[in-house]
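These notes concern the structure reproduced below.
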């Protein structure tokens, strides 16, 4: 036993270092491998240490598990990653719960139940089960088996509260009234399972990553609890590690979406989302965060920036220049497309960009730039609207029909930044926003560019 | 015993949180108090727990200690702080060594010596003693009892190596050959004491802070070792904490002087140092990274930026504006001090900053701004030199004597950015760089400001 | 093994957990999550032990536990590795 | 109390120690050093115990140890506090 | 079709209605371009340049006019002193005459063109639709006025524009006030900002506020009751009495602190509104300057004397007309581009198709076989 | 001690040697300040303002001069037409006369001052030490010239300065070339940059490169062999023949592409170097402009006619003198501050202590009881 612990410590150390490395782009991959080695050590140590055990059974179990896990991991599409993590995590939580249950049945059978043991078992089962069901709901939502829309109904909170109370009650009952602990145990199991569902159901698909991260932290806690059940240092340390670090990560993610954890977990948010999409007529527009925009830029080589009146309103001339400069340091080609009537006076954009000392040779006028869009990876539209409205090309009925426009839609991706879906000077809607290769990043141009720069640097 | 440990854990937690807080300007003081509370708890717990012990004696000891410590702490002048820390630390190390010795004599007397016990005792005594003597040398150097200049003689390294080997030998002997362990013990004690001296002697006064920090880390290790001797969790955890964190801090400090730890510890440096300072005639300047600079800003409320010709050369007008804007969003007050002859033409700085649209009302001329430095937390000097050279105030021989200058040195911290130690237009050295409240951040102004901004956001 | 010690270990481990993750670039959120999730598969150790101590029901629960945990561990680490491979700079 | 556990505790504590201090503004170097130095005065606990277990010599060594450690603790914390007072915003 | 480019005769007019680039354009459309000898000299475009671009240089003015199917000019038709004859009398009936002038003001010219059965277009009347922007000579020329007005102001001003902190003391930035933030006004704001002045602007149209701020200047706001002042086509209409009062108070107050005032407030076809009555001028600091870009329509300042530079108790008032004429190189380039865009729009295949359904064409047309077809002009002519 | 401020009589000179603020300063030093009637009118400072600041207004010019212990002026002493007498003849012996002029040029004035045993200082001679910067009238006034030169250039130019992309086509930025990047040159660079022009600069002193670039402009570099051209005190000295040739080639080449040239190349006490000979002007584009700030010393352009505005084959050459005089408000404010700093330095306790050890005082002194004490001046006077 003693030496096994030694190996557990070793494993723990590898986990710690692994996690550290995982949070730095350059070392991430090595970190992951480190952690997996740690796991291997822990497993082997356990196998060696635990005498008289049914290797056959275990090996079978492991093989089955490995196959399932591996296939999943290989098959899944990149877009499906989050939900993958969700199920895996679910299984982890499930395992903890099962182990605890196993202990429950065996130990209690042997009448060896101490209140400490029982309470730890209770905790482990509770958290484990909750994680299990919760994770699967999350999976379902992301996979589209369940509506990604938040599912809310009256008195939801009340219900949750009730369930929670029951759960606690069962747990306590189990410890205090051993004679009919089996019932309590069952009750606990069931309520926990239900809560797992009711907690996740009301949360919108967009917020799932946060939820998964939270559940991940839970599964860590479950493992730690199981560690107490088995008085096993390895489980305790690793579990605690994951539990704690998971919580931190969850927080970081919330901050990223600048939301509070509470705000994410208690569904309210989901609703906002649908309401905004009301104003957008039939067009279904894709609204992205600056983080995602940053990734698009990361993979682009040629970028054309299209400034408009909005850039002037936001006084974002300096911000845009920083972004451009940064992109150039990354070896990308950056040009500015100046539409003759962008802004509100002749040469408005020139005045604006000159203020930020944008080199003249980067400014291209309509005739020079339009051919350039053909092989442009990203066109970044900053507070411009009418001057990039394709209606001017084909829609005879449009008041701006015949006005020469910038053919931004020719470029591979068009990223449009404006505050709302409101029209520009000409007061007409812009179909460009709905195009397949268009992406909206809403917000004040200056703010958006500042965030974008930060995210670019964080890549 | 069990419950005592519980209290030790509590104490440990307080130490951890205390240390964390100690490394952030705003929370530092609270952190210190936290830690001291932790200590109190630990002490009381011990007193309560250990039955049959000579309270009288202990109380007397504590009173004496408190009086000495307190008087020292109150009497010492601000400038004397580092050496204070040095002796205190020495006593700490001493204490560990003494405890270990006590154990040694008692336990071994009782013939209860296991090789584990003996080795831990050995370690504790070794490190403790080394710390003790080393700290006192450091104190002596700073206090001027011993020459601050590095004391070096031929074959120094050789000697150290020899001593080290002897020390190890004694330690091993003690464990392996219990019959005459007393001699070995004595030998160990003495060699350790000598090494403490020989290690510190060759290091220059300027580097003492680093050494002290290192010794501090040692005393932590000593405490941890003692913990093993007494099988006491409290000692182990706290000791380990201090040992580890101390090491990190030492490293940070080295980086600050951009030197490696090795480079500091092995005297050679002492010489190097003087050579570099040749250009700076005796000034010893502190060069820091933008990260540290960022933290200084973090704790500042009022910041005055002093642009100079260098800012223009670096074309960093936009960069500086971003930094200023960011600091303002963080609720800090930012002003620009424009010296009448900063730059190379009248109004050079105005032209420059106007380009970046720095609001006019933030620009203050000499007469307006000089009073402001009194209650300014940070003065950031960007590529300015002559216009902030205090020689103009007092050094009649200086060619710029009589020229009105910006009294930046009046502010709490002065952060100076330039590329090298080269002089400015007037071609004269600037004593400001060597002032106690001055910090150099070398590099091109634009680059430095960009990094600074990133670090500020990362805080 | 006395409670106090386990507690000590737990607390310290929690602290480490809180500290190791400070700043994480958005791109690494998912991989990191997935990686640490794989670690939480440490439950496998428990599962293995369970199969031994478990007795009838225990053994079977243990077996399922082993399967679950293995899925978590193997799948977790592999998926993480796949994600990270993507991020390699071209 | 078995070695392994102590070791576990030690290692975890070391990790915590490494992690808690990440970035420190130069102005805080000395105070932080001084503060953690005061903590290393935890040796006082040892000292107290020593006086008990110590026997003749032990007791006396213990006493001196107590004195030393106390100096470290009391002096350390007080000095730190004094330094930090300076940094308070005027 | 023969397009003729006469030399402008109004004194101080250096612009010309065609530049080599536009001549090429017209020729590509299949037109023949006749350019009067030395028509471009004022804009540093020489006969050779025109010849190189394919135009014919015509020495005999009478021939130039009589052979032309279409005349492109900058100014309204005038009396040619040296030939002792009025331009209109040199034209064949049905000739197309395109130039840039206020038809509601130069009623005599309009009358003559009508009588001679000339098809007259004024670039001034082109509606400001998105499509018409490249023909918007008003914008291109006002833009010049706005820019140049600031430069001229800076010359008159006995002060620096920017803030300077020098060894000999600190120079505060000059305070510039722009009245009327249309194209000219906005460009003036931008230019003054560039020079480092502290710029404020005022306009009746509240929506201009955002535009002014988008140039980093301060908008002087008369707490408006609803959006009075906004007229159709982005133009301003006359405003209510009470509003005028509040406006007066406010401007007066700012005026006392201003070094340079540039007024651009126009209401097309109407005399310019008086924004700066006598009493205000008296309140101004000695040495301050007013540039009145509305002088042509009587000026926004009561004391403005069109085309004169006067000093009224230490305040300089510059009422010069035709500022674009002082930047002939670019003024001509831009105007030529505007008018050519219109011509090519009017003659898609090189021949004119007078599509009166088209809002731009019908909008710009004011006389057609003997009739005055533009209502406001007609009323203006009749009384 | 009585300090007198006469009205400047040279025509076009609107500056004055004292402003209310400096008058107060002098009075605080215990001096009495006499100001000639309407001396400040040109700078919009009126007698009342002086009175309010504690000065006496003197109507009778003769009295003004004869009572004065010290005269503060802008220009060298001149012949007063209306009184039919030369200023110097109104002064008592031993009076201190401080003004800003090139003593090596206005030798006649120097001679007169010497004869009248006047203690003469010229702000022009103040050494450029750090301490003397607040007295550096040369800098404060050149700075104005540099700024205003660009504004004037922009007026002459028939073009926009900035780049504009409009519905009527794209306007390329004007190309500006600055020859001589001293104080005036650097300020010209800054101002032209502000207006959005493409600015290049050239100077003989290689170390100016960094300064030019620090203003975001391009430095035209004559691959120099060693640091020729750098003289003592930051001034330039005459340069080698061969260097002059390479320089000529380079400038000529740039010149053909330039719209506006501003020359500031001076070598104190020497005729200005010819940087733009006739042939270069002929190479320049029609419509381009040269502003010659060195006109006072003959000009950097061969064709420059001091104080005249001429057109040589379509190139405008502006040789106007005394540009600071066209910005009297600030020019006077700055100059007054400079001269007052010198006076207070000269008279720490309100009375003059002529410490010839002091490099500033001895440097600025050129005549003292009958002697011409400034060597270069002396040599200049003698031949």
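For clarity, chains are labelled A, B, C, D, E and F in written order, and residue numbers in each chain start from 1.
In this section, contacts are C-beta pairs under 8 Å (C-beta built on N, C-alpha and C of every residue); 3 or more make two chains touch, one makes a residue touch a chain.
Everything numeric here is computed off the predicted structure, so don't read it as measured data.
Kindly list the shared contact partners of chain D and chain E, in label order.
Chains touching both chain D and chain E: A, B.
Relative to chain F, which chain's C-alpha centre is the most remote?
Max centre-to-centre separation from chain F belongs to C.
Report the chain whose mean Cα position is at the greatest distance from that of chain E.
D
If you list every residue number at the chain C and chain D contact, are more than half found on both copies (same) or fewer than half (different)?
Copies use mostly the same positions to touch.
In terms of C-beta pairs in contact, which of B-D and B-E ranks higher?
B-D
State, to the nearest whole Å, the distance from the C-alpha centre of chain B to the C-alpha centre of chain F.
56
Report the inter-centroid distance (CA atoms only) between chain A and chain B in whole Å.
Between these chains, centre-to-centre, one finds 40 Å.
So what's the Cα centroid distance for chain A and chain D, whole Å?
From the centre of chain A to the centre of chain D is 42 Å.
Quick check: how many Å separate the C-alpha centres of chain C and chain D?
35
Provide the list of chain C residues touching at least two other chains, using ranges where the numbers run on.
Each of 1-3, 5, 8-9, 12-13, 15-16, 20, 22-23 in chain C touches at least two other chains.
Give the residues of chain B touching no fewer than two other chains, as numbers and ranges.
12, 16, 233, 237, 340-341, 346-347, 351, 354-355, 357, in rising order.
Of all the residues in chain E, which ones touch at least 2 other chains?
Where chain E meets two or more other chains at a single residue, that happens at 133-134, 139-140, 143, 162, 164, 166-169, 171, 194, 196, 216.
For each chain, which other chains does it touch, given as pairs?
The complete list of chain pairs in contact reads A-B, A-C, A-D, A-E, A-F, B-C, B-D, B-E, B-F, C-D, E-F.
Touching residues of chain D toward chain C in the complex: what are they?
1-2, 5, 8-9, 12-13, 15-16, 19-20, 22
In their complex, what parts of chain E are in touch with chain F?
14, 43-44, 46, 133-134, 136-137, 139-140, 143-144, 147-148, 151-152, 154-155, 157-160, 162, 164, 166-169, 171, 191, 194-196, 285-287, 314, 326-330, 333-335, 337-338, 341
Flag every residue of chain B that touches chain E in the complex, lowest number first.
338-341, 346-347, 349-351, 354, 357, 360, 363, 365-366
Spell out the part of chain F that touches chain B in their complex, as residue ranges.
129-131, 133-134, 139-140, 143, 183, 186-187, 190, 194, 210-211, 213-216
State the interface residues of chain E toward chain B in the complex, per the touch definition above.
162-171, 173, 196, 198, 216
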